[in-house]
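Scrolling down, you'll hit the structures one after another.
Next, two complexes with chain A in common: one pairs it with chain B, the other with chain C.
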Partner chain A sequence: MAALPAMRPLGCLRSLSLSNPSSTVDSFSTAYSKRPERVPLPPNMPEQFLSQIPLRFRPDPDREPLKIYPAPPSARKACKDPVGAITESQLAVLDPTGERKAMFDYRRNPRSVKTGDIVRVTFKNGDPFNGIVMSIKLRGIETSFLMRNELTRVAVEMSVKVFSPNVNSVEIVQRSEKKRRRARLYFLRDKKHDRRSVENIVASYVRQKKAFLGGGNRRR
Partner chain B sequence: MIQLKTLLNCIDNSGASIVECVNVLKKKRPATIGDRIVVVVQKQRSAGSEATTAAALASKVRRGDIRHAVVVRVKKELQRPDGSLVRFGDNACVLVNKSGDPIGTRMNGVVGQELRNKKWSKILSLAPIHV
Partner chain C sequence: MSPRLGGLLQLSPVWGAPLITPRIPVRSFGIRSLNPPKPSRFNIGPGLPVLESTSTAALRRKANSLPLRTGAIGIKKGMTAIYDPESGKRIPCTVLQLDRVEVISHKTRERHGYYAVQVGAGWKHPNNVPKSMLGHFSVNGVSPKRHIFEFRVKDEAGLIPVGQSIEAGWFQEGQFVDARSNTKGKGFAGVMKRHGFGGQDRSHGVSLTHRSMGSSGPGQGGGSRVYPGKKMAGNMGNTQNTVQNLKILKVDSENGIVVVSGAVSGPKGCVVRIQDAIKKPWPEVPQAEATEPATA
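For the complex of A and B:
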């Protein structure tokens, strides 16, 4: 800074004038000030002056005041929780006994299906699917669970809606041997943790069940 | 999601083991189960060193051949009309000729059930399992 005045001798003068507080506005107020009310036109104003007034301020006997409609009635009053109501009504149709809801409600029911269990799902069209449960998504009527298995050395994952009318039955073949610390076992997709095929476990379960039930097709 | 340059496993006994997709037919989107694609055979199936001559004689396609194929398994999950999802561990296809008949006579491996809706019943009858 010491070199500046030598290079530009008048530079210091300019900075002096800028720092003068009286010449510039340093602050402005943000305090609330009321909007000024419109001053009415003088009642006895001669008509020839009207042309000097902007159009929108001129008195107009034809103009009607803007009509203000009342707000429509709120839909919230008619039904407070429409999604919940629909879920209830659908569950009453698809799961009247509440058995299947309890079977997958792993948060509340300790005897429910949990991730890591091996389950066997039979469908309306006949062919069953077996697999280890990787995740259970509790979403009301759209509750679904994801199974993983290996068929002919190819991994197959299937997500099934719990309340789907296509699902005939869901059976727990084997509980997971240790308590899982995760809610979603997506690590089962890694090579290290992959359980591979669960077909033999399910096959032995089916054989045992047949022996117990004498070949009957009843559920446990 | 089978598109240009995708490598697929070929699961029939036509002689190809790995093929590369070069075109998806009849749609402007990536192919999925049941879609017809055009492929180039990248790798031939060979069963050991002493059986190479026999295998080469038996194989109906060679490396570099351009063939039509039908996708039977995809990694990208597929949603069924009832809301269920299906996802396979790999992408796989079966070679077919121009008229739509499979070139191989045998298939090893699971295939998707979507083939039924798309009129590939010949492939479904060859497959050991469908999911």
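For the complex of A and C:
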């Protein structure tokens, strides 16, 4: 007995002698294993045993196997972007040449209308509106721009939908002198930066245009 | 289960039929009154009021407000605008897409107590469909569907054949529909957001309860209890909402697109059920479509 404590540290050597019996239990595999086939019922099984088998496993000659029908062709796959499709069909009618789209597409077209420009918009019904462009919202068919002007000493802002059939024309009266560093010129509403009325600039532009086109031209 | 009551009943027919009838073992279950109500002798004869609490009466009441034909299941794809070609007026609209909408089965007055068309849309992998549902699809001969809804119709003339697909052309441009969908979920919301309560003062001694609901009812005089239906904080949104009388602006059968005027509840990608508007005259359906269910 006295020899045992001295032998105890040597006990660790015992594991070497063992033939690793637990290795099959500890390891597991992620490899695919086939689902086991269902064992068929014995053909000559007495009928009285059937009640012990769950209902869904009992042989039923009348039961038809589940048939899974294929799905019909998908509209979702045919048209992945329905809103875009509607927009395209609208643009094809309202802007067949793509002229208006290019005129306001300031991200791609360098000659487009930009914020800070002074523009003159004429409508099918109603007076034309002049103003300095404060912002351009590119939203497909809902693309619009916001103009600011001063009429009878009252500041006026007007948002116009670019593709509206009521808009007859949009003309650039004057480009902005310097490149704007902001996409939206909301600071024009501050007293310090307000441009006030742009009617004089537009009026002189209209006069010049009339002279250039020979006076009697009614087309705008 | 074995008929354990059989022998007992044979011996002593306490609840059973009158003694004149031959002794047939009758099984009965549940609780039965010893003194069953007898029909009143004053409740017989002509001139009595028609009963209003029967299922027949309920169907008769609903007859004018039930659409003649089934609706369809669409997916909300987003909003845009359409310009009216004549007036140049801009009409905000919602784009819905009908994807593989098919009739799965019928509900009939005889079996279920009402007439309805069960409609499915989309597709779901059979591995993800419960076996009971797979059996339902299998019996009716349609592919497994992701979304299944019922559309009530007035009578059996509206039960179009099982397996028939409902395309976007089911709706006509210019007709009106009701759109039914779940609103956007807002989560657990306080009373100010959920019910529009005023909240409490910012100051004047109010401490830590600026957005809370305050009192939930009277004290001893009111019964010292909170009345049922008291508006409180809780889950807001994600409840069904019907938007009535939306005009169909555009229909594209090829791509399954239906464009309705105005807004429809719910986020993009939500399921929207559209059916003929009950507050407008029923749409003029082409004759071929109308006669088809009658022959089938």
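Quick note on the criterion: the second predicted complex is superposed on the first by the 116 of 220 C-alpha atoms of A that agree within 3 Å, B and C clash if a C-alpha of one lies under 4 Å from a C-alpha of the other, contacts with A are read in each partner's own complex, and residues count from 1 in each chain.
Just so we're on the same page, contacts are C-beta pairs under 8 Å (C-beta built on N, C-alpha and C of every residue); 3 or more make two chains touch, one makes a residue touch a chain.
Source: prediction; values computed, not measured.
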Which superposed partner A:I86 touches (first chain B, second chain C, both, neither): second
Touched partner set for A:L94, first chain B, second chain C, both or neither: second
Chain B versus chain C as contact partner of A:E142, first or second or both or neither: both
A:V154 touches, of chain B and chain C: first, second, both or neither? first
Contacts of A:S74 with chain B and chain C, given as first, second, both or neither: second
First (chain B), second (chain C), both or neither touched by A:K179: neither
Partner chain(s) touched by A:F129 [first = chain B, second = chain C, both, neither]: first
Which of chain B and chain C A:S164 touches, first, second, both or neither: both
Touching partner for A:R108 - first (chain B), second (chain C), both, neither: neither
Most chain A residues touched (candidates chain B, chain C): C
Intersection of the chain A residues that touch chain B with those that touch chain C: 142, 161, 164, 166
In the complex with chain A, residue positions of chain C that touch it: 75, 77-83, 85, 88, 90, 95, 97-100, 102, 122-123, 126, 131, 134-135, 137-138, 141-144, 165, 168, 250, 252, 254-257, 259
Residues on chain B engaged by chain A in the complex (per definition of touch): 73, 77, 82-90, 92, 108-110, 128-129, 131
Chain A residues within the chain C interface of the complex: 66-76, 78-79, 82-83, 85-87, 90, 93-94, 124, 140-142, 161, 163-166
List of chain A residues in touch with chain B within their complex: 129, 142, 144, 146, 150-161, 164, 166
